[in-house]
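The same subunit A turns up in both complexes below, where it pairs with subunit B and then with subunit C.
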Partner chain A sequence: MSTAARTRVRLATTSLAGCFGCHMSFLDIDEHLFELVELVEFDRSPLTNIKHCSPCDIGLIEGGVCNAENVHVLREFRAQCKTLVAIGACAINGGLPAQRNHIPLEACLREVYQSRAGLGASGVPNDPELPLLLDKVRPIHEVVRVDYSIPGCPPSGEAIWKFLSDLIAGRTPRLSHPMLHFD
Partner chain B sequence: MRSHEISSSQIADVVNRHHRLPDRLLQILIELQEPSGWLPPATLTALADALGVSRAHVEGVAGFYSFLHTEPVGRYRLLFSDNIIEHQLGSRELMAALCSKLWVEPHKPSEDGLVSVSTTSCIGMGDQGPAMLANGRPVLRLSHQRINQIAELVRQQVPVSEWPEAFFHVDNNIHRRDAMLQLDLAPGAALQAALALGRAEWMRQMQLSNLRGRGGAGFTTAVKWMACADAPGADKVVVCNADEGEPGTFKDRVLLTTLADAVFEGMTLAAWAVGARQGLLYLRGEYRYLRPTLEAVLARRRSAGLLGRQILGKAGFDFDIEIHLGAGAYVCGEETALLESLEGKRGTPRIRPPFPVTRGYLGRPTVVNNVETLAKTCLIALEGGAAFAATGTAQSTGTKLLSISGDCARPGIYEYPFGVAIERVLEDCGASDTQAVQVGGAAGIMLASYEFHRRIAFEDVPTAGAFMVFDSSRDLFEVARNFVAFFAHESCGFCTPCRVGTSLLLKAMNKLADGHGAKTDLADIEWIDRLLKNASHCGLGSAAPNPVMDTLLKFRPAYERRLRSLDFAPAFNLDDALAAARRASGRDDAAAHFSADHAPR
Partner chain C sequence: MSKQFLFDGRPVPFEDGQTILQAARAAGHYIPHLCWHPDFPPHGSCKLCIVKVGGRHVSSCAMPAKEGMEVESNTPEINGERRALLQMLFVEGNHFCPSCEKSGNCQLQALAYDLEMVGERFAHFFPDRPVDASHPDVLLDFNRCIFCELCVRASRDVDGKQVFALTERGIHKYLVVNAESGRLGDTDFAASDRAADICPVGVILHKRVGFARPIGSRTYDIQPIHEVDMKERT
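And now, the complex of A and B:
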């Protein structure tokens, strides 16, 4: 392995209760991807299909926390990443999935699995393979410590690139208007 | 059964009495609410029409003030004063006892509409608590026995006006008198003296006195008066700020009770100095019970030629005073919010400059002074500025009234020359084993025992008068948490740093109190403190973190012993968050739980 490769920053990404929109926006950095692969080594990420995170410099988390698996993944990222970044509205505030928060979970499950026409009386799935839902969808900072956040639904590719290039170069990331937006 | 309607003739009556002026909106709302205890939607609509303002404006004002209700409340509205001093005297236990006796939930009217039991910010009775407001009237020295009596009176539906007089007896508890509280003012004597001096010489005596504002900020009164006198505009106004809302303060209540003449005479002296014709005293809603006596004093002064036209026979010296009521909003003690409230609006502080001395009440040059400041001007008129400046310190002349409450043998009012050391005050009020003193109220400063040599003075420990004593049995984290809850409740909501910041701070404090705290929360708290301090629109927001900053600095272990983790912990139990899904799916396998060994980092 060359010296350059060894000094590359290790980057992991994942999507929890999100729509992968932030990852799509990440891919929108277009030709900067070529610069990025010179600077970083990807660890666990939908881009690599690596299933578990090893020690990393940066972890990007898309999506909020809606079930037990999200908690496990998030804790793994927190344990392995020196810097953990919440990316997008769902990771920061719970976003769209958190709209279920004002309905009691049991009522929600009943509505979906028991009351809905055409479903029969199959009942709420109880396969141990399935992660259980949390009573409320949480932003990630309510479950682990988070170092930075990039707002937006999704943040633009430009904002993501600015943020990452700052972070990798050792500058405190700073998004100025109009890159900083919450919608 | 009471009617939920306020008839249109009633509305027209009140509106006409206030000359159909939109800037009387707050006073009109207070009067209209009187009969039924709340303001039905139809009343707000009719009122908007009658005053020619929008419905949204009327609702905005009605919704701003704690003592105005846009939803039905109980016929008996029992509000426990919620300051930390009352907590320490057992107010929460008493409130729980009353709720269980009356079969009501706190903060919710009973189903029959008979009674609601809730809390309100400090009502200025810290020396004789625990206290409550019963339909606006203070009931003092609450005990389990008194609570039982109250429950019985409510059940028997005895009107509050027929409750035993002893319930409402307010003590002055004056324990130390100096120049101010020794004053035996013959009404008009100070005014006579100032008129004899002539306007310019009277102002010079004020300058010599170096009197500084007793509301806490300590601005030099003569400078304020001169700026107002010099401001363009002939229709000047003198406002007395009697919105004594700072938790732990009650000296203005005692001054208005024992020296009302001096307060009104001080306003008249200010009017003489600046050339004002109109005076307004803004009385906090909690002190509304004082209004009849104050109105009687005003009437007496009018008939004695001390108010009205040609005061004391002086041609062209016309001045009169009117009392405006507040309705439970701490922020209105801030002078520009107070002016907004006097103009019948929401108490949102204004941006300064322009300062009130040039653009104040209805855009007119306005002097706003504290009750104590105005009363003190009588001493200056009688004895001269130099004599006044002879007591106190060079930068803080004269005396200061302290409202002492908490862990001491003799709570009450103490008047000292400025410069008195904290330890001297503690000794005089019979405090022992004192761990900390909160000087200046929730927005003030918390002093630890190693600072008790410090002195009450603008140049050392400035104060509007609150002096709350905490002995070593008290948990200072809980003290700070109470103050934070107070600020979160009283934030006017206008600026985001304060509206959101005070709530975030309270959430963080509650997280610690619930035992979910982590070291990172302390860092977050310090970050929120800085944000509030630097980004808030007015003094409320920038003072809101003070109790937390002081206790974190001086009593940090009170926080640290509550921490569950040295890094981060969620504010809730994650395994409990899966309980609903476990119930719904009938699962209880290993994957349906978070194992304890997977501790959060």
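And now, the complex of A and C:
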């Protein structure tokens, strides 16, 4: 079978309540990107700007779940992706956004939009276009079933490449010392 | 000939009074542990040192070694249970490694690396545990407490001060400071106390040294905890 005829693995990625740092680290696989584009076809992803997920083999989720839109996106990924991977601290345990979890949501919004100097007049945004915030930021495994996790803040490009290349080649992806990091 | 037992199929000599963990360590076999410390009597609370003896799960830090016993430790079953215990510890507190000064020097994190705890499976508690920055030299971040009582024991038994205690029971248990105000700054706690350097996680932190050694080049970044721990044995 020629390379052209071989079906490529379909890969979708998204950032929910994340900082895109994991996506930046994903791009840090440097020259492996050339190998990767031979192996995968990108579906929904900030890299393609495709807005909705088609049936995919692998979905990479960066970020936790902080609002209603995150829930919809995450469920779409779970429904469409055979293998769903949590990438980075926020997807795995809520991460930095979850540091608001011990502050009541209203107090948090007032602090940012009403009490802060220079923002006092604007008030808490209330546009129906804005997705509603959840009372707590949740890791993605509390909303959908997750098949694998790549810890790190962000995981190194090396760890991401090790994981993806193993998964795509049909090997059991495994991260251990020194590639396994939570920071 | 001295008495011996079998540890993962290998003979380990012991003397009367030694626990399984003590004898195994002396023979060069690592058993994961968090609340156990060589300078203190066993506490038996973290259960990371769990082993299987004659079909029963026991804390190897507290169980005396006996002639001819067969101990299973480094097996998929026991390591799976240790991983589940770590996953429970991680969701009970607020263990946000990327912002923790102790990251890379933390035994909880290092054990999670060692036992390849890559993901989580339980729902997070996200408890509300305010920090105590009242002491001039030491910060208390209760978010990371695993209730091992090492600080309680060190302060009471070595420093003779009784600065710390655990209060309430079960899931409501938390670490308190022995002052009317509840603040560390109102105790006679000193940065030179044994209790100031005993915390296996990131609760008791010396101020102004947090990132003196950058993340990525710390103890367990360089070497896994089972190697570091066995090296420190002597």
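The rule is short, and it goes like this: the second predicted complex is superposed on the first by the 175 of 183 C-alpha atoms of A that agree within 3 Å, B and C clash if a C-alpha of one lies under 4 Å from a C-alpha of the other, contacts with A are read in each partner's own complex, and residues count from 1 in each chain.
Following the convention adopted for this analysis, a residue touches a chain if its C-beta (ideal position, glycine included) is under 8 Å from a C-beta of that chain, and two chains touch if they have at least 3 such contacts.
All values derive from a computational prediction rather than experimental measurement.
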Clash-or-fit label for the pair subunit B, subunit C on subunit A: clash
Which of subunit B and subunit C A:Leu33 touches, first, second, both or neither: neither
Touched partner set for A:Lys136, first subunit B, second subunit C, both or neither: both
Touching partner for A:Ala68 - first (subunit B), second (subunit C), both, neither: first
Which of subunit B and subunit C A:His102 touches, first, second, both or neither: second
First, second, both or neither for A:Pro178, with subunit B first and subunit C second: second
Which superposed partner A:Pro151 touches (first subunit B, second subunit C, both, neither): second
Touching partner for A:Asn93 - first (subunit B), second (subunit C), both, neither: second
Which of subunit B and subunit C A:Asn126 touches, first, second, both or neither: first
Part of subunit C, among the options 58-66, 94-102 or 202-210, whose backbone runs into subunit B after overlay: 58-66
Subunit A positions touched by subunit B in one structure and by subunit C in the second: 136, 138, 142
List of subunit A residues in touch with subunit C within their complex: 86, 89, 92-96, 98-99, 101-102, 136, 138-139, 141-142, 146, 148-151, 153, 174-178, 180-183
Parts of subunit A lying in touch with subunit B, wherever the complex brings them together: 68, 71-72, 75, 78-79, 104-106, 109-110, 124-126, 128, 131-136, 138, 142-145
Subunit B residues within the subunit A interface of the complex: 520, 567-568, 570-572, 574, 576-587, 589, 591-592, 594, 598, 600-601
In the complex, subunit C residues that touch subunit A: 90, 94-100, 103-104, 109, 112-114, 116, 118-121, 123-124, 126-129, 215-216, 221-222, 224
